[in-house]
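Both complexes shown next keep subunit A, but they swap its partner, so subunit B is in the first and subunit C is in the second.
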Partner chain A sequence: MLRLAIRNLFQSRARLVITAGGVALSLLLILTLDAIFQGVERQVSAYIDQSGADVFVAQQGVRNMHMASSSLPAAALGQVEAVPGVGSVTPILYVTNVVSIGDSRNVAYVIGLPDGAQAGGPARTVAGRGLPRPGEAIIDRSIALKAGVGLGDEVKILGRAFTVAGLTTGMVNLVSSVAFISMEDFRQARAGSDAVSFLLVRARDGVPPADLAARIEDQVGGVTAQTTAEFAAGERRVIRDMSTDLLAIMNLVGMLIGLAVMALTTYTASLGRRAEYGVLKALGARNADLRLTVVFQAMLSVALGFTAGLALTFLLAALVPLTGANLLLLVKSDSLVKVGVISLVIAGASAVLPVVQIGRLDPAQVFRGGLGR
Partner chain B sequence: MTTATLDVQHVSKVYGDGETQVRAVQDVSLTVGPGEIVLIMGPSGSGKTTLLSMLGALLRPTEGRISLNGEDLTAAGEGRLPGIRLRHFGFIFQDFNLLSALSALENVAIVAQLAGLRNGAARTKAAGVLEALGLGKRLNFLPEKLSGGEKQRVAIARALVNDPALILADEPTANLDSKIGHEIMQVLRRIAKEQGRSVVIVSHDQRIKDIADRVLWLEDGRFKELVTMAEDPVCRMAVERENGISAMWDGDTYYFCSRGCRAEFLENPAEFAHPKRP
Partner chain C sequence: MRLAWRNLIQERTRLALSVVGVALAILLILLLQGFLRGMFQQIAAYLEHSPGSVVVAQDGVVNLLGATSLLPQGAAEDVAAVEGVSSVVPILSQFVILDFHGKKQPAYLVGYDPAIGGGPWDMVEGSEPVADDEVVVDRVLAQRHDLGLGDRFQIMDREFTIVGLSQGTTSWMTSFLFIRKTAAEGLVRVPGATSFLLVSPEAGEDAQSLRLRLSGITGTQSLLKTEMIANDSKLFGKLFSAPIRLMAGIAFLVGTLVVGLVIYTATVERRREYGVLKAVGAPNRVLFGVVTLQALVASAAGSLGGVALAAGAASVIMRLRPQFLIILEPSAVGGAIAAGVGMALLAALLPARIVANLPPAEVFRR
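Right after this comes the complex of A and B.
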């Protein structure tokens, strides 16, 4: 009977393409959205991941950068430096702002770096200087390319003009990039306050970051200290929390589209075979045999759709970076498991109606021509 | 294969109730012995299809009893009926009813698989039956690539593959031209006479009388007339005893399709009288 299911499926190629294609597209929607958000999650913590710090110290209660504000008094720098196990401390200033290049406005994490910063600077500089001097800015290469500017050109950050002195890569995401200016310029733009946003701490050799973070929190009041991994995880959690509802809705939409396509094609496919199922029933096939055929056919259609959807997603993931978009599509195993489960639900649900109809099929109709021939 | 006797006792089928009640079959009794070909004829709406459906365990009678080799089919539970149909009955339909996505071989093998044979054994057995019916070179053809006669022979192979004792055929020649229809009739005759299977045919096709041992006329759900058939010893055609041309020889009565056959017989009776039919 499984052979019959396979033959039935492949006999009507157009229907197969519609079925598998419909499922593939709906799963592509789910997978791509997942992959985009996974990519955004990874990209959004790129600056933190590549900062070179072991511990991030923030204002008490602040556990991430995105959509957050942290302000530490200047005295906190010395207090943290005094904690045993601390190798170096780099203060940074941070605000979410825009990098304006001509008419182009690009959202960016603006980082103010002190002279000789040991952490928190650009991880990969592809042109120009690695750290900005006063009046200079280091911006992402993709932003510069898009706007048609290069080293020596002018950009506006925090309302002031800066000369592009360096280009970086690897810190851009779908909606924002990272721009570096000197701490002096940052302070001037922010009315000269001597407060800092974060302290980026490097541990001495052999000191576990988690122990050091705990020690800093014990010995310095009014701060929250986290390992870089914890801080990055907090950053990703914000994105995840923001996207969970959206993802759930889009997953539901994708599943409903897939279900509608599958249900319609499975129903019409079994309706088209109604006479043949009736003949088989008259010849002695049990309902279970016929139901197995229909369910297997639905499973096979969905499996083909799943494979095609997966292939399309990987193809898209490979092609998107070639377009120059600051988008990373990251297909993770838990997304595959989720889509696999959704596929099974689609296959099972789409077979329900045909299975019920087969159960009600009267084999005696085979002699009466009442099976739809 | 085991030969079988189908015994139908006082079977009726009623559809609906009250004023809309229809008695499709009324108090029909019939016995079909091993190797016997019974043709059921009658006008449209006479109850032929209902009767055939009941004989094939596809429909339960409202009253009466149908038994196969003494086993009461009307008392069998719903769950047993598919197995009974699969192993004891072979069905042949007017429209062939082959599965369009499967090859000739697979159409036959799938029924053997349903009866419990593994794929390889089922295909081997199906190939054997198809080859015996002259379809050895058409095994892998889809139904759409077969002629009407070939399709009906595939359907016959499908009906035979599980070695059923009883073949039920619904208008088996209706969609075939005269020559192919005749071939199919001869195939059915061989199945009955050489393999000892009982064959019940429902048809409007008068030509099938030629191969039938008995012709029953069903009208308004009842058998109206019983026509007994005999074989012309000269041309081997089936002829109605009641209306046939006859001759006596050596104490037996012989029936002929025409005066010519009778004259030929009488010139040398010993040559034609053996084997003789009762």
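Right after this comes the complex of A and C.
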């Protein structure tokens, strides 16, 4: 019976391509949407992941950087430095603002860095300097390339003119990038307050970041301290919590489309073979065997579609960055498991109609010529 | 025509499945576009309902939602002194991430002076804040997180009590929160800070000329409200249009395949009949017409079904998840039907080739 299923499936190549292609595209819908949001999650925490800090200290109650604001009094720096286990503390200023290059305006996380910052600077500098001096800015290479500027050119940040002194990479996302200026310039542009946004703490060797974060919260009032891993996970959760409902709706539509395609192709294939199934029944084949053939055929089609859908998603993930869009498609294992389960549901449900039809097939009718086409 | 119709309806289950397939593809395309359109309307809601027709922001900032703006000290007085200005409404706004029972909820916090304006425009319950620990939240946001009047929650390092519920102030990404401007200054620890000025021109004064007159103030940038709305839409469009176009493209291909499969199968099954027609003198264009017509009928039924499904699905989604606004515009519906026609024409290509290559004499050899 399994051989029959395979033969049925591969007999019409065009039909097989359409079946596997339809399922592949439906699964591609689900995989791509997941991959886009996974990519956005990865991109949104890129700065934190690459900051080099072990613990992020923020204003009390502030547990995010993206779409958030934090303000700590200058005195917090000394208080955190005094906590046992702290190796170094780098204060940074942060605001979501705009890098203006000529007429183009690019949303960016603007980071103000102190002299000799030990954490929080660009992780990968591809040209020029890694830390900005007063009057200098370090911007993302892709933004510079798009606007046609390079080292030594002028950009405007926080309404002030800066000279591009360095180009970074790896911290850009679909809508924003990261730009670095000196803390001195940042302060002057933002009304000269001596407050800082975050304190980036490095732990002494052997001190677990989670213990250090707890100790900082105990000993310094008015702050929230989180390990870099916790802080980055919180950033990713904003995207996940925001997109859960949207993903659920789109996944359902994608699954229904896949189901319709599979149901159509499985039904069409069984319909075409009705006479053969009738003959098999007349020769003594049991309903259970014939049903198994149909289910196996559906499973095989979906497996082919799943493989093709996966290949297409990886291909898309490789091609999209070449278009210049800062869109990252990331395929993760939990997404594959989900799509695998959906595929099984599609295969099982699509076989229902033909299975019912086979059950009702009257073998005697074959000899009356009622089933052939 | 009759032949096309007969071929199509002979196997009704198959036709129904193909119509469902196309309808689902059209549903997806329409839903995606509807989400985008609804999102644009939701993100423009604040500026559309707030006072003034010109917005003064920090130099370089051209979005309300995209970037944090901090105006130089004294900017409000400088703006008020410009000829033709009728009123100036200062607001201090900032995105915040709220933690509600373990869920992260982004919100756009607007600090305003209730005596001047710039706050919620449609209160459904309660009142505007009179103290610095009071907040107005969106009704949908409150429902989603089981909050009501009198409940307290934390924004950054301070606790606020809900004193009012507003409506029309939410989207699936974020919601608006309204507190007093002095409370917002305390949260960001910058006394007297202002993000934007919402400026109204005097009667008879043209907004565009006022904008030009305001552009001389150092450290600021003046935009028409309509320009700022367009900039916000462009920014969020940049974020969502690429993925949505990608998804819509895939849905289009799926629809094409579904119609293609049905017409292909129907054509292969009727190969002998087409051969007979060719043998008795029917030209290829007549047979192409029959095949294309079948594809068009199947996809037209699917497209119309898809439009109806999308309208139903949009209404169900908005009832179950009121943070979503799905707007099905006539242009999008027209586009979906055009996509259905496109699917049909593409789907007819392969069957048309089969018919074209069919040797008429073969019929008589079998």
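Throughout what follows, the second predicted complex is superposed on the first by the 372 of 373 C-alpha atoms of A that agree within 3 Å, B and C clash if a C-alpha of one lies under 4 Å from a C-alpha of the other, contacts with A are read in each partner's own complex, and residues count from 1 in each chain.
Here is the rule we go by: contacts are C-beta pairs under 8 Å (C-beta built on N, C-alpha and C of every residue); 3 or more make two chains touch, one makes a residue touch a chain.
Everything quoted here is computed from the prediction, not taken from an experiment.
Peer 1: Just to be sure I read the superposition right, which of the two partners does A:F314 touch: subunit B = first, subunit C = second, or both, or neither?
Peer 2: A:F314: touches no partner chain.
Peer 1: Is A:Q59 in contact with subunit B, with subunit C, with both, or with neither (first, second, both, neither)?
Peer 2: Once the two structures are laid over each other on A, A:Q59 reaches subunit C alone.
Peer 1: If you stack the two complexes on chain A, which partner ends up touching A:A282: first (subunit B), second (subunit C), both, or neither?
Peer 2: first
Peer 1: What's your read, subunit B or subunit C touching more residues of subunit A?
Peer 2: Subunit A has more residues touched by C than by the other partner.
Peer 1: Is A:V253 touching the first partner subunit B, the second partner subunit C, both, or neither of them?
Peer 2: A:V253 sits against subunit C, while subunit B stays out of touch.
Peer 1: Mind sorting out which residues of subunit A both subunit B and subunit C touch, each in its own complex?
Peer 2: Residues common to the subunit A contacts of subunit C and of subunit B are 373, listed in rising order.
Peer 1: Which subunit C residues qualify as touching subunit A in the complex?
Peer 2: For subunit C paired with subunit A, touching residues are 11, 13-14, 17-18, 20-21, 24-25, 27-28, 31, 35, 58-63, 66-68, 70, 72-73, 94-97, 99, 103-106, 154-158, 172-174, 187-190, 193, 219, 221, 235, 238-239, 242-243, 246-247, 250-251, 253-254, 257-258, 260-262, 264-265, 268-269, 317, 321, 323-324, 350.
Peer 1: For a test of understanding, state which residues of subunit A touch subunit B in their complex under the given definition.
Peer 2: Its residues touching subunit B are 1, 3-4, 7-8, 10-11, 275-276, 279-286, 289, 363-364, 366-369, 373.
Peer 1: In their complex, what parts of subunit A are in touch with subunit C?
Peer 2: Residues 12, 14-15, 18-19, 21-22, 25-26, 28-29, 32-33, 36, 59-64, 66-71, 73, 95-98, 100, 105, 107, 156-159, 174-175, 190-191, 193, 195, 222, 234, 237-238, 241-242, 245-246, 249-250, 253-254, 256-257, 260-261, 263-265, 267-268, 271-272, 316, 325, 327, 353, 373 of subunit A touch subunit C in their complex.
Peer 1: What does subunit B use to touch subunit A in their complex?
Peer 2: Residues of subunit B touching subunit A: 49, 52-53, 56, 58-59, 82-87, 89, 91, 93, 95, 97, 99-102, 106, 110-111, 113-115, 119, 158, 170.
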